[in-house]
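Presented sequentially are two complexes of chain A, the first with chain B as partner and the second with chain C.
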Partner chain A sequence: MNWNAWIPLLVVASSLLPGLIIFRLPEERVRTRITLNLIGAFLKLVLVGWMLWGVYQGQHFETRLALLPDLDLVLRAGPLSLIFVSLSTVLWLVTTVYAIGYLENSPHRSRFFGFFSLCVTATVGIALSGNLITFLIFYELLTLSTYPLIVHRGTEEARRAGQTYLAYTIFGGALLLLATVWLYTLTGSLEFTPRGFIHGLGEEHRTALIIIFALFITGFGVKAALVPLHGWLPQAMIAPAPVSALLHAVAVVKAGAFGIIRVVYDVFGIESAAELGVMSPLAWLAAVTIIYGSLRALFQNDLKRRLAFSTISQVSYITLGVAIAGPIATIGGVVHLVHQGIMKITLFFCAGNLAETLGIHKISEMNGVGHRMPWTMAAFTVGALGMIGVPPIAGFVSKWYLGLGALEVGEGWVMFVLAGSSLLNAAYFLPILHRIWFRKQTAAWPHEHNFGNKETAWALLLPPVVTALMALAAGLVASAPFSPLEWAQLIAQREFYQP
Partner chain B sequence: MSNEIYNIFLGFVVAWPLLLTIPALHTRLPWPCFWAIFPAAVLMILPGEAFVAPSWFLFGTGLGVNSEARWILAMTVIVWSMTVAVVKFSSEQTYNFRTPFFFLTLAGNLGAVLATDLVVFVCASTLMGYSFYGLLLQRRNESSYQAGKIYLIFLIIADLTLFDALLLAAFETDDLRFESVRQAMTSTADTSITYLWLVLIGFGLKAGVWPFHLWLIETFKYSSWPARLLLGSVPVAVGLLGIVRWAPLGGATYYIPGLIYQGLGIVALLYIIIRAFSRIQITEIPAWTIVAVTGLCNVALGVGLAYPSLWHKYQYLVYPLIALTGVFTMFLSYGLSRTKDESISSTHRSSLNMFKAWSENWAGLMQQRKQNIKTRFVLLWGTVVLKFKFLHCFQKWGIAPGVLEQQLQYWPNAITLFLILVIVVALSVFL
Partner chain C sequence: MGITFIDFPWAIALILLPLTGGLSCFLWPSVSKILGLVTVIGVMLSATGLGWLVIDKGVYHYLVGGWGAPLGIELYVDGLSLLMLMVTALVALGVSIYSIHYFELSYQRRFWPLWLFLLTALNALFLSADIFNLYVTLELMGLAAVALATLTGSHDAFTAAMRYLLATLLGSLAFLFGVVLLYHSFGSLDIAVLSERFESNITAWAAFGLISAGLVLKTALFPMHFWLPPAHANAPAPVSAVLSALVVKASFYILLRLWLEIFSQLDTDVDILFGFLGSIAIIWGSLQALRQTRIKLLVAYSTVAQVGYLFLAFPLAEKVGVTAWSAAVYLILSHALAKSAMFLAAGNLLRFGGHDRIADLDRVAQRLPITVAAFALAGVSIMGLPPSGGFISKWLLLQSALVQSQWGLVGVMLIGGVLAAAYIFKVLGRAFTQAPLPHEPGVVPATMEWAALLLAGGAILLGFFASEILAIIEIGSPFGAGEVKL
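After this line comes the complex of A and B, so read on.
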């Protein structure tokens, strides 16, 4: 029996099955729920580790199930899918631990963790998809499974945010479906192929291909929060902190960015996309989003909203790296998929800790909080400095490769976008760091919970510290085997150098 | 000592202060600040050269020590030891919230001194720069916050400029060791001019070289004892070291940049002379001395850029001179600092008293001398202006630098200036 053919399916099932069981669990079965969650997360971690090792050794992992005539449901592990799967798996484990601590004693936990597991299932499915139809199925599943998480609190504001989210994402999904069907009628294939599968189409389909590309980018651009399709993201901040962390670092925006990567590399192919002349507009769109997101972040007093606009800016680095269309920029874009995830989840965990422990939601309330919560704020500092691109934290490595990649292909203007964005990042993150470490506490904390002599609960403290260390390690040992950078180099090699 | 142990020890010199940042460790150790410097002191006296570059670390970058680095290492050890001896950062028994910044700054400083390539240098100097901000703000009052803000703005712009320089270097060569970059830049004329200017501006900002000296004066005025003592050796000396190590000195001839740099140095000295007779307070003298010294360094570097043969002939003097600058400015700051700071340890009060009489006498002497010279200068200037009426306009121009300095304290103005700089650089690159 060829086990390798079943591993991708098992990876998807490792969160799907616990999720389905958790839905049926009564609220009071706390231990069972935690055990199921953690078993699923660890099992997924082991399976992904196995696949990583296997792909590194040159093994092939593919599950193929008949779906429609001529269209299969394909789950396949390659370097590109594994980098996203690994990110989702590791951060899911950490977020699960965090969510257990965060939602302790709150209602509807079975519902929350059930959808939480479904959300990760969809993300892993997106990552492992071997063709566009599989991708679309999991992409829509992700939309449907995140909606209940956004409206989890049940308030009027949460419902409005949820409706906005649904309106945006369903519109995006419809465009994707249209683009997929149109492409299928032209090519007769939807199978992801290194360097794309549209080579054979003649010049007469040029306009159609440009429109299809635009439809794909608009469709994925909704979840990737490209300007002007970003409106849902700041509103979705009403969701609980673990959900925000999941939206920004693991699942939703990453799914959009990953979709853009797939379309450019494995549907159109870099060369064909460049010939169509669609890469430069994409790069400019990404650049505008980077600067716009940073500028909007500058003026937010709500911590989570500032982080949300920061995400809009930072995720577009991935798109920019892809659109520059050079091997080194590809490394920068792909590695930022992981690095941004680790850094941003750290920041959201810290924001959640502040809200949960001290009732702090606004930046103006953060004076002197570093003295009260030193470990949480140390993690926040690492995340924020990494976002600015301060060496040797993970963000520096991404910006290094993006800048170098831009120089490589003669797109010098990208250097100024990177410099301007870093300057703006510094302008909206450093004042926060100044407040938390150097300002004196001016008023009582808005709503302080007592955790004895600890700064907060262990389940809340451990995840941000772990992810902050990961962000530091991703920069410091960037050249180590199995590091995100090494995987990104593998992907670039496959895309640009392999015959 | 075998080579392997020597190499491990080299890494330990930088890693040890970083480890001591953990409160659980440094609060349990007696005299943690001295212990943090101790491995560096040992390395300073160990004979021979060492180099360590693990392939997994950053982009395969490393640390090393040779005779040149030893000069700067000696300066670092002396300055930090003196600072610890004189100033009470934290008592050995109680935990001080600022202590981690002390260890982080020290680790960054040692990393920059021992760096053998651009990446480690930029990482270490960035760590040093941001941690030093924590030391600058030890007083926690509005004036020090304002001074810290200006420092931070300059630091960020410097880091961005150096990041671009780093990318240009990486674009030209895969090997980012100082010597390799120097050679690569010598052979590529187009890139090397842009690279050179980025390096000069980036490290000029970091070292407080005129006309980027504003942060230096402000931080010196409003920061606490440790920061004042470290100012000359931590950001300034490391900035000068950065120029010497990064710039392609001694290779190709950079006549125009060399000439401009010499001109800047001379203007800096003239500027300080003019300021000396008008608005300098006695406590600012060390800061202005640093600006004067960096102005002199500008002249020397400008000569080196314009005449590579002269650089080759006298380059052996550069490292001892940078080391002397750091040590000299620390002693000057110590001697002239008349502020009774609460952070001075009572246990070191006696040693301070010894210096106090000397410093106050010296300060008084300087103040008296300055008043005399100022009176004579004003009389002389008045006579000259009476003779030549058109000189009135120069008096108005005299306030221009002060106004500019005030304007730079505002974020929007600083960002606008930076964007203008970016546009100018962009135009010069693309046109």
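After this line comes the complex of A and C, so read on.
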């Protein structure tokens, strides 16, 4: 029996099954729930590790199940899938630990962790999808499974945020469905292929292809929060901190960005897309989003909202890297998928810790908090500096490759976008760092919890410290084997140089 | 053992079982629950047996009493009728499990005989091979359905049922006239014979008009849908489920059969009219659903919209017949399961809160999680989101529309999907919030919750077995010989 044909399915099932069981667990079975969650997360980690090792040695992992007469449900582990699946798996484990600490004693935990697991299942499914229809199925599953997390608190405000989120994503999903079926009627195939599968189509389909591309970008742009489709993201901040963390770093926003990567590389192919003339509009769209997000972030006093606008800006680095369409920029874009994830999740964990430990939600309340919570704030500092692009943190590596890549293909204007964005990043992060470390505490903490002589609970402290260390490591030893950068190079090589 | 088992006349059992079951419930009302449940399980087993037979050996003919057409009664089962029978049995099982605890004792004795009678009529309808039997079963079904709709005895229910009765009688009457005309000009009632002898003349056209109009009225295609929302919304929950899931589909099934076998020989543009009315039904029904403040009315208007999708298959089938018709049949199946689940879930919410006002739902996601899950899963299929049966049918419909560049229909389908999401999440959003005025919740028995979830789960599972089910649809190639591959 060929085990490799089942591993991708097992990776998906390893969070689906625990999730389904957790739904039916009574609220007070805390221990069982934690055990199930952790077993699922570790199992997934082991399986993904195995696939990484296997693919490195040239093995193939593919699950194929019949869906429609000529279409299969395909889960396949290629280099691009693996970089996203590894990110999701590692950060799921960390976030699960964090969520266990964060939601201690709060109501409806079974429902929360059930949908949380479904959400990760959908993300992993998106990562492993081997064709567009599989991608679409998991993409919609992600929409549906994040909704209950956003409205989790059950307040009127949460309900509104949920409706806004759906209005955007259902609309995006409808466009994706149209684009996918349309493409299928033209090509008769939906299989992700390196360098695309639309070469064979004649000149008479040019207009149709351009519209299909636009539909894809609009559909994915909703989740990737491309301006002007970003409106749902700041509102969705109403969700509990672990949800915001995962939503921003891995699940929703990245699913959109990953969709754009897939469409450009494996559906259209860079050459065909460039020939259609759709790449520079995409690059401009990304550039506008980068600057706009940063500008809006400057004026937010609510910490989570500032981080949300920062996400809008940062995720578009990925799109920008893809749209510049050179090998080095591709490395920068793909590697930023991982780097942004690690850094942003750190920042959100820290914001959650501030809210949970001291009741701090606003930036103006953060004076001197570095002395009260040194570890959390150290992690926050690493994340913030990384976002600005200070070496040797991960964000620097991404920006370096993006800049080099843009120069390589003669798109000098991108340098201005990068520089401007870095300046803006500094302008909205450095004042926070100044408040944290150099100002004195001015007022009592809004709502302080007592954790004895520790700064906060272990389960809350450990995750941001771990992810901050990862962000440092990703920058320091960027060229070590199995580092995100090395995988990104592998992907770029496959897209540009291999026959 | 295989021979005796497979030769058992399952088709006859599908008619006789519910008939005797219904009579027994009438005679011994004190044990009607048990009798009813045993009967429905028997029907489920018979449908499975028949399915085994047809999948194994292909199209199934049965001459009742050994007499064939034109004198005797002939039963005919191909892939299309088989699927209708199976989905009927499945919905019947879910609804019956639900009904055990739904009705009070005095209602039980009225519900079970009527319900099993309705089931008899449905099964016989799907097994019929001639148009007179189709008429008889259609009439029986309509009468049983109206009687069931009055079961609550409320004033609103009576008014609605009266309208329903008039619509259904008018529909059957038109159908009967059409049948008489066909018999008069072509000298047969058997569909297969008619299909050979049929030719275009003035009587044929009149018959076509009468039959189509009657069936369209009974299927509640816009603008003939006026009777449906009040009738479906005011009936008891299990009855609403059966009306929306099965009864409306039965008349569509007849229309589909006759269209394919007989009327396709006429050169008409009625298919375009059907597509047009279907489009309006989708948009209008969805908008009306979105406007409703009560769950049951919302769900009923959603049926009006979903019926519209069925009629989109007519204009699309001209060039890509098999794909378009398969999409319609897939929609019948998934909608039957999803909509019955949705009505049962609505019934639970009504019993729990004492009302079905959407704005006053009170944290039901926490307190009735199974029911809300059933509503949500059924909603996924209704919206046409993956993975679900609704998604498969939407995919196939979109594909057939895009391949012919029918942009108008593409637009309608996409807008319909978005509107469906809007009205379904209108309910689901309130499931998490607290009502302004909290109230003492009623008790909802577990069987009622799980029955709804069972059916909703079926609608989701349909999304995973498309290849198998599409293969069954093709048994006996009800949609004619193959088409040019897309």
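Of note:
Everything below uses one rule, namely that the second predicted complex is superposed on the first by the 499 of 499 C-alpha atoms of A that agree within 3 Å, B and C clash if a C-alpha of one lies under 4 Å from a C-alpha of the other, contacts with A are read in each partner's own complex, and residues count from 1 in each chain.
Assume a residue touches a chain if its C-beta (ideal position, glycine included) is under 8 Å from a C-beta of that chain, and two chains touch if they have at least 3 such contacts.
What you see is a predicted model, and the numbers here were worked out from it, not measured in a lab.
Annotation: superposed three-chain arrangement on chain A; chain B versus chain C shows no clash, the two fitting side by side. In the superposition on chain A, A:137 contacts chain C only, with no contact to chain B. In the overlay built on the shared chain, the residue A:438 is in contact with chain B alone; chain C does not reach it.
By the document's definition of touching, of the two partners only chain B reaches A:385; chain C does not. In the superposed model, A:404 lies in contact with chain B only, and not with chain C. When the two structures are aligned on the shared chain, A:68 is found in touch with chain C, with no touch to chain B.
Of the two partner chains, chain C is the only one touched by A:111; chain B is not. With chain A fitted onto itself, chain B and chain C come no nearer than 44 Å, counting C-alpha atoms only. Counting contacts as defined above, no chain A residue meets chain B in one complex and chain C in the other. Contacts from chain A toward chain C in the complex involve residues 23, 66-69, 107-108, 111, 136-137, 140-141, 143-144, 147-148, 151-152, 154-156, 158-159, 162-163, 166-167, 170-171, 173-175, 177-178, 181-182, 184-185, 188. Considering their complex, residues 371, 374, 385, 389-392, 399-400, 403-404, 407-408, 412-413, 415-416, 419-420, 422-423, 426-427, 430, 434, 437-438, 440, 475-481 of chain A touch chain B. Residue ranges on chain B touching chain A, taken from their complex, read 23, 55-60, 97, 119, 122-123, 126, 130, 134, 137, 140, 145, 148, 152, 156-157, 159-160, 163-164, 166-168, 170-171, 411, 415, 418-419, 422, 426, 429-430.
Contacts from chain C toward chain A in the complex involve residues 363, 365-366, 369, 380, 383, 385-387, 391-392, 394-396, 398-399, 402-403, 410, 414, 417-418, 421-422, 425, 428-430, 432-434, 464, 466-467, 470, 486.
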